[in-house]
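After this come two complexes, each holding chain A, first together with chain B and then together with chain C.
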Partner chain A sequence: MLNQKYGVGEKAPRVDGPSKVTGEAKFTADIRLANMLEARVLRSPFPHARIRSIDTSQAEALDGVVAILTGTDLSDIDPYFGHAVRDRPIVAIDAARFAGDPVAVVAAESAHIAAEALELIQIDYEELPAVTTIEAALADGAVRVHDTDALRLGLFHGLGDFKPHDNICYEHHMTRGDVEAVFAEADAIVEGEFRFPAVYQYALETHAATAIWHGADQLEMWANCQHPYLVRAELADMFDLPKANVRLHVPFIGGGFGSKSYTRMEPIAAAMARKAGRPVRVVNSVTESMWTSRRHNMICRMRTAARADGTLLARTAEMWLDTGAYADNGPRVVATAADAAPGPYRWTAYQIDAYGVYTHRSPSGSYRAFGATHLEWIGESQVDQVARKLGMDPLEIRVKNLLKPGEAVRTPGKPMDADLIGDIRKVAEGLEWDKPRPPGVGRGMGIGLLAAGSRPVSTAFARLESEGTVTVMVSTSELGQGARTAMSQIVSQELSIPLSQIRVPDGDTMVTPYDRSTGASRSTTLAGGAVHLAALDLKDQLIAIAASKWQVAGSDIILRDGRAWVGDQSATLSELLFYHFGFSGGELFGRGIVRPEQGQGTYAAGPVFWEVCVGGVEVEVDEETGRIHLRKIVSVADVGTAVNPAMIKGQEMGGAAQGLGNAIFEEMVFSDGQLLNGTMADYRVPKMDDIADEFVSYIVQNEDGPGPYGLKGVGEGILAAMPAAIVNALADIGIHLNELPATPERVWRAIQQSKNV
Partner chain B sequence: MLKPFVIHEPRTPQQASELLNEYGWDATVYAGGTELLVVMKEGLASYAHLINIKTISDIHTIHLTDNDAALRIGAAVTHRAIETSSMIAAHAPLLIEMERSLANVRVRTMGTLAGNLCFAEPHSDPAAVCMAWPGASFELTSTDGVRQVLPDEFFIDLFMTARQENEIMTAIHLPLLPPGMGSAYHKFVLLERPSVSVAAFVSVAGTTIKSAHIAVGSVGPVPYRATAAENMLLGQTPGDEPYRAAAEAAASAADPVGDLYGSVEYKRQLIRVLTRQALQQASERAMGVERL
Partner chain C sequence: MNTQPTFKLTTTINGKPVDAEIETRTLLIDFLREHLGLTGTKRSCDMQVCGSCTVLVDGKPVSSCSILAYEVSDRDVLTIEGLAQKGELHPIQQSFLDEYGLQCGYCTPGMVLATLALLNENPNPNDSEIKSFLSGNLCRCTGYFPILNAVRRASERLAQEES
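Right, the complex of A and B next:
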């Protein structure tokens, strides 16, 4: 099936599909090294405790235990990491800051022995007062999670200078116009306080890392990380090595969703292997991975003002996002949440104040569509509230106020680059908005923006071997999103060769060139852009060779069906290479570099592109139990150009399901800082039965993206749109919620409340 | 993570009992392992010896007994075998309804009905159904002999039953429902296990309710019989009003605690809704509107 050419726009089968369904594909935990030890992590049972002493003697005496790592082993390296704030030690040094914080690591001949040894480690904890909620952390005189004066900023904060203070890790403010003056003149004002829960990304594969040292200054690792080059830089910094001495392999990743963004278990594996003097593997349990990364829970107060004719005038939003004990990607999440707060509308004035709050809870980081998911449902529910107050249709008020292409979103920043009105009309079409609703059925829509793309720096090589096979060297992590297929299709398109002749190997920082990260919906746009340039470079070289061979102008040569043609003469790529090198050896390299000057936006000037977060749902509710039934989901993927429509639809379905989880099921329940539902039995994710009766998916292709062929990223937007659409659909049938998830009990209570009013 | 253990493979219930006598607290009975291995992996329980009763020959069948008045389901019979049994379909279709919605097909393929009952998880589906089933009993066997135990004597507390340390459950006895009796099982599931479940058996003669058995599961350590609700229904004409009153009584009789499955108030609401629905369906089936 792969012997076919699958160019851009075609539903190519996944190039990694067969190896995954047969179990042949290798994931990080499948990598076994000779003499490899298994490591297990001992974690703090207390949300906040001073570590007076650790006695490892009994554990060390256990047969099969090779080495134990504690905070006292870290004095000859810089043990702190954190790409935004260097606030996190490899294992606790002075204190444990959340229940689940790593305190010691055992490396043993087997995982069983390591687990048994954990029980033999004696730790003298002094339990300290903890701030385990946003409110507690912000209270006067609250215990401080960190001595903020001692904190250093990380290598990749990308957020200008900032200084954590009190329990505020980061703050971000945006202002336009005189908000209070505009509110004073408004005809309709709505306001409310909203709560978003802590949720887990729930990738099927947990965090894993394997490390081996070659001598004292060469570190080689396998890890399921989304951002290998950023992890490499942090490891090099901590262990005081040249970056080139840290080699990171990234095999297939079993789902990321942001949970594997930035540095995770890699420092533990590296430090443990260094102490043990042997290779070490560490693999998290599900509960441990829940402690490793999650989405920020949030409290938000928002007000929206409008004129009687439905013109949106002003908005204020104050939000506090719980980043947990360590900043992780909290600062970026806070800034992106602030960015998302105004929504995709034309405002006379706004005031946005966003804060990342340190608490004694497990740390929060990236999660698909962060920031936008937090804010879109709040902003969009207020737009619907304004519409209800003014007797306007929700579609009409949006069409009236949505930004048009070229209008400023925020200043500074990239102006609007998508047809939002076209997108929302597609949602209306899918929902049959004009048709009357059956009794008890609610419809809702949501539209928002996500600052996407991160930094536009990606590079790639395309290596053409003598038999005509192209190996694409690109450091995008394949985490199920289909990157290797999309990259292959771009090469197939440009060189006119079948997918069977194209290979995309695992990421390897010694071999595959620099890429900023796999996240922020950036890979096909930016790494794909680099691959596109590399393929074009190869194509130019091939055409030059063919032109020389046939003594014609390069413009007379075309590539078709895996051959170069001039008139009805043709040669295979292999024949061209034979001609060029004079025997059956030799290779060509294509080079692709994407950097800010080439992109249509720089990081400082705002996002690479605005990802449109738009969708709609139709719901009905069992009034007696509060259970929500989804009749229909409508997704609109505004992608510029579709490289692979089948994979885009997959992204939309997956994102919608995950958004459904965030909206109505998922919540990490904490009590006094302890996670109560750390297993699949108690943490409820959406199941097949929960997905809507009908899934309507549109792909909008306006060729208005900054990537090759006018494409732009996809896959996150629908997640952010789902909670917004669901909350609005519930309000459509009189059920008003200001807290997610909309569990059956919460919905039932809202129904009881509306009956009592 | 599973710690190492030894598996024993007895051929008779007596041999199994002897092994349990021999190893005491270090041993436990193992059939499907769908509950046991999970708690062992989580480190919540640890046994050096597992007595695999699947090697006992005569506990794998489902057959009629007591002059064809009752079903005997062997202790090694899996949920999936019950779900797909024509014998059960013909004589106890409620069990098929219950099994179809129990956990998932992987668990049902491995797990046994007896294992579920002996584990005594408070959210057990079969516990609630057996508690309400008129005349149901469990057969326990040891080197001391064989005894029959009624469900309300069997379930003592969460994860605790009347099964002695050296006993194994060898069979479940379920009398066939007499003509004029209908049954239903309704539950509300959000997490892995039910939040609330209600089993109801109703006999109707003419236009009068002759008997009602109602058991509410998942809200306490063991399922409870809603006896006040049952008594209220006797002599009543089937209909929405008596069912609502009985449902209210069943909800009042509950003593739930607030947890991840819901608050006390919400659990009472679910009992109300599910009891009414179960009574409605059971009586319709009793009256032949719907056969089951």
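Right, the complex of A and C next:
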């Protein structure tokens, strides 16, 4: 099938599909270097402890142990990392700050030996008081997780002038109008306190990194990282190397979902390999990956005010997000949560106050649709509450208040760039909103916004070799989202060549050029934008060569079916290159650079685009057990232009399944800072027999995105919409929840409560 | 330096006889991945929940993370690398491609082999039988619908080949 041309808009087969169904596709832990050691990490059993001393002598004496890394080995480098706040040492130096914090690393001839050696390391801990909940961390006189005066900001902090203080790693405030005056005049006010749990991204492939040093100043690594260029910058800074001396290869990634955003196990592998003097591979267990990154649990208080005619007037939201022991991407999550708090509506006034809170728990970072997932279910449940108070239909109140294209979302910032009313009407169509509900069946919808795209800096180039094959050099990581297929389709579209003539290799910072990151639904829009420009550049060069060959104007030449044509004369791309170079050799380069000042959208104003987080569900509940059954899911992907409709539908179904997990199954349970359900036997994710009876998927193509062909990113929105739609569908049948996940027990208790009222 | 007990393993992997001297404690997954370089078998939960490491032993699905390599002595082990014949994809593999039944591809080897075990046992399963059989194989990318479609299509395709 790859021998066909598949342009933009077509259901191209995945270019990585054949290698993935045969087991040939290589992931980080599949790569073995000669003479390589296996590393295992010793982690603190206490949420907060001073490390008085570490005795590694017995472990070192074990046959097959080559080297052991502890905090004392880090004195000749800058051991702290953290792209936002530089608060995290490679391994604990003075103290351990969560149960699971790395304290020592063993490199040995085999993983078995390394694991045995961990048990022989003697650590003298002095247990210290810990703050293991948001409330405890915010209490007067609370123990500090960090000496915030000593903290430095990271290389990519984006915090402006903010300095962490107390146990607050970041705060973000947004104000419009005189909130209290508007509340005083409102006809309907709803308010509540809501809780969102800590959840685990559970990419099936755990975090892994392999490092080899070439001499003292060249570091080469393989890692499953979503943002190789940001990781490279942090490693270069820590080990005091030029960035170009750090080479990062990114093989296929076995799911990211944000868990592999920013720096993870790479510093441990690099420091361990440096000490051992041999290549080192470190691969996390699932439990260790749960300790490495998770979604922020949150407490939120929200109030919403409306006029009697259903006009939404004002909203206040205060939220505290638990970032754990290290800031990680917490500041960005907090800002995005604040952005999502007003929801996609026209407000007279709002006051949004969002805080990232340090606690002695495992650190929280990015997880697909962060911020939006935290807030949409809260805001949308209040919109439905207002509607119920006023006797309005949930669809009607949304249509009345949703932002129209061009209206301000927040100031400063990109105005509304999507047809939200069209989107929510599609959800209603899919749910057959006007038809009466069968008894016991609830329907709900949710709509929200996610500030998407991150920084719009992406570059790419495309090599056209003499036999007509194009190799696309782009550093977007292939996480499963289908980036390599989408990039190939863009090239196929512009150069009119089949997918079999297009290659997209693994990311490699020595070879594939700069890309800011793989996240925030940005790859097809921004890296794809760079690939589009690179393909157009090649196309211009080919047309100029053909024009010279046939002595005609470039405007007379078209590319079709893998050939250049003028009238009925034609030549293959290979023949054009032969003409150009005079033999069968040589190659052309096309280059593409996307940066803030250019492009079709108003990048400077940010975000790159507003990702619409919209969907609906139909549920029924077993009153005896509290178990929720999903009858139907409706998703609307507002993508501007669909590069590959089949893969977009795949993003919607996969995002919905994760949203279902966030809404009704998943919660990392902590007690006194200890994770109680740290294995997949105890942590419940959706399984195949949990899927909805029916999945209705719409793709909206209004060509209103900032990417090539008017496209914009997709893949996160439906996750944020699912908890909102489910909570509203439950409320539709009288089950009111202000805490997720909606486990059978919680649902059953809510049913009993409603009966007692 | 190695004082670990060892075992002389004789077995069949992907149709080929294999003889190897291994530490007795070697898990099947590590024997496949590290000794034989068959890295298509994936490790995730490491406790028989996720199905990523599924291989077939005498046609039955087994979590290779949770059995020792010596336990497959004189058995017939099939890993994902042994499924395509002479570069020709197995109908189940082709069905996963056609239905977009994979994204990151990490669960795919286990999912494909579990599907083979299902269809060997029950060539024409209904949806509820498919969901029940494959609920021991987790996927975080696809939301399972495309995998369900892939299994249905594979079942049809194999039936056509039979007739």
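By definition in this document, the second predicted complex is superposed on the first by the 751 of 757 C-alpha atoms of A that agree within 3 Å, B and C clash if a C-alpha of one lies under 4 Å from a C-alpha of the other, contacts with A are read in each partner's own complex, and residues count from 1 in each chain.
In this text, a contact is a pair of C-beta atoms (placed from the backbone, for glycine too) under 8 Å apart; a residue touches a chain by one contact, two chains touch by 3 or more.
Being a predicted model, the structure only gives us computed values, none of them experimental.
S.K.: More chain A residues touched by chain B or by chain C?
M.R.: C
S.K.: Name the contact category of A:Tyr698: first (chain B only), second (chain C only), both, or neither.
M.R.: neither
S.K.: With both complexes superposed on chain A, which partner does A:Met688 reach: first (chain B), second (chain C), both or neither?
M.R.: second
S.K.: Going by the contact rule set out at the top, does A:Asn677 touch chain B (first), chain C (second), both, or neither?
M.R.: Touch partner of A:Asn677: chain B, not chain C.
S.K.: In the overlaid three-chain picture, which partner chain does A:Gly17 touch, first (chain B) or second (chain C), both, or neither?
M.R.: second
S.K.: Going by the contact rule set out at the top, does A:Trp565 touch chain B (first), chain C (second), both, or neither?
M.R.: It touches nothing on chain B or chain C.
S.K.: Check the residue A:Trp748 against both partner chains and state whether it touches chain B (first), chain C (second), both, or neither.
M.R.: A:Trp748: touches chain B, not chain C.
S.K.: So, does A:Leu479 touch the first partner chain B, the second partner chain C, both, or neither?
M.R.: second
S.K.: Does the superposition put A:Phe578 against chain B (first), chain C (second), both, or neither?
M.R.: A:Phe578 contacts neither chain B nor chain C.
S.K.: Considering only the touch criterion stated at the top, classify A:Gly254 as touching first (chain B), second (chain C), both, or neither.
M.R.: After superposing on A, A:Gly254 lies in contact with chain C but is clear of chain B.
S.K.: Is there a shared patch on chain A that both chain B and chain C touch, and which residues make it up?
M.R.: 111-112, 679-681
S.K.: Please output the residues of chain C touching chain A within their complex, sorted ascending.
M.R.: 1-4, 23, 25, 30, 33-34, 37-47, 49-50, 52, 79-81, 83-84, 89, 93-94, 96-98, 100, 102-109, 112, 128, 130-132, 134-135, 137-148
S.K.: Write out the stretch or stretches of chain A touching chain B in their complex.
M.R.: 111-112, 115-116, 624-625, 627, 665, 669, 676-677, 679-682, 684, 743-745, 748-749
S.K.: If you look only at chain A, which of its residues touch chain C in the complex?
M.R.: For chain A paired with chain C, touching residues are 13-14, 16-27, 29-30, 32, 63-64, 111-112, 202-206, 252-257, 283, 285-286, 479-482, 646-647, 649-650, 652-658, 679-681, 685-689, 691, 695.
S.K.: Within their complex, state which residues of chain B touch chain A.
M.R.: It comes out as residues 1, 3-4, 42, 188, 190-193, 260, 262-263, 266, 269-270, 273.
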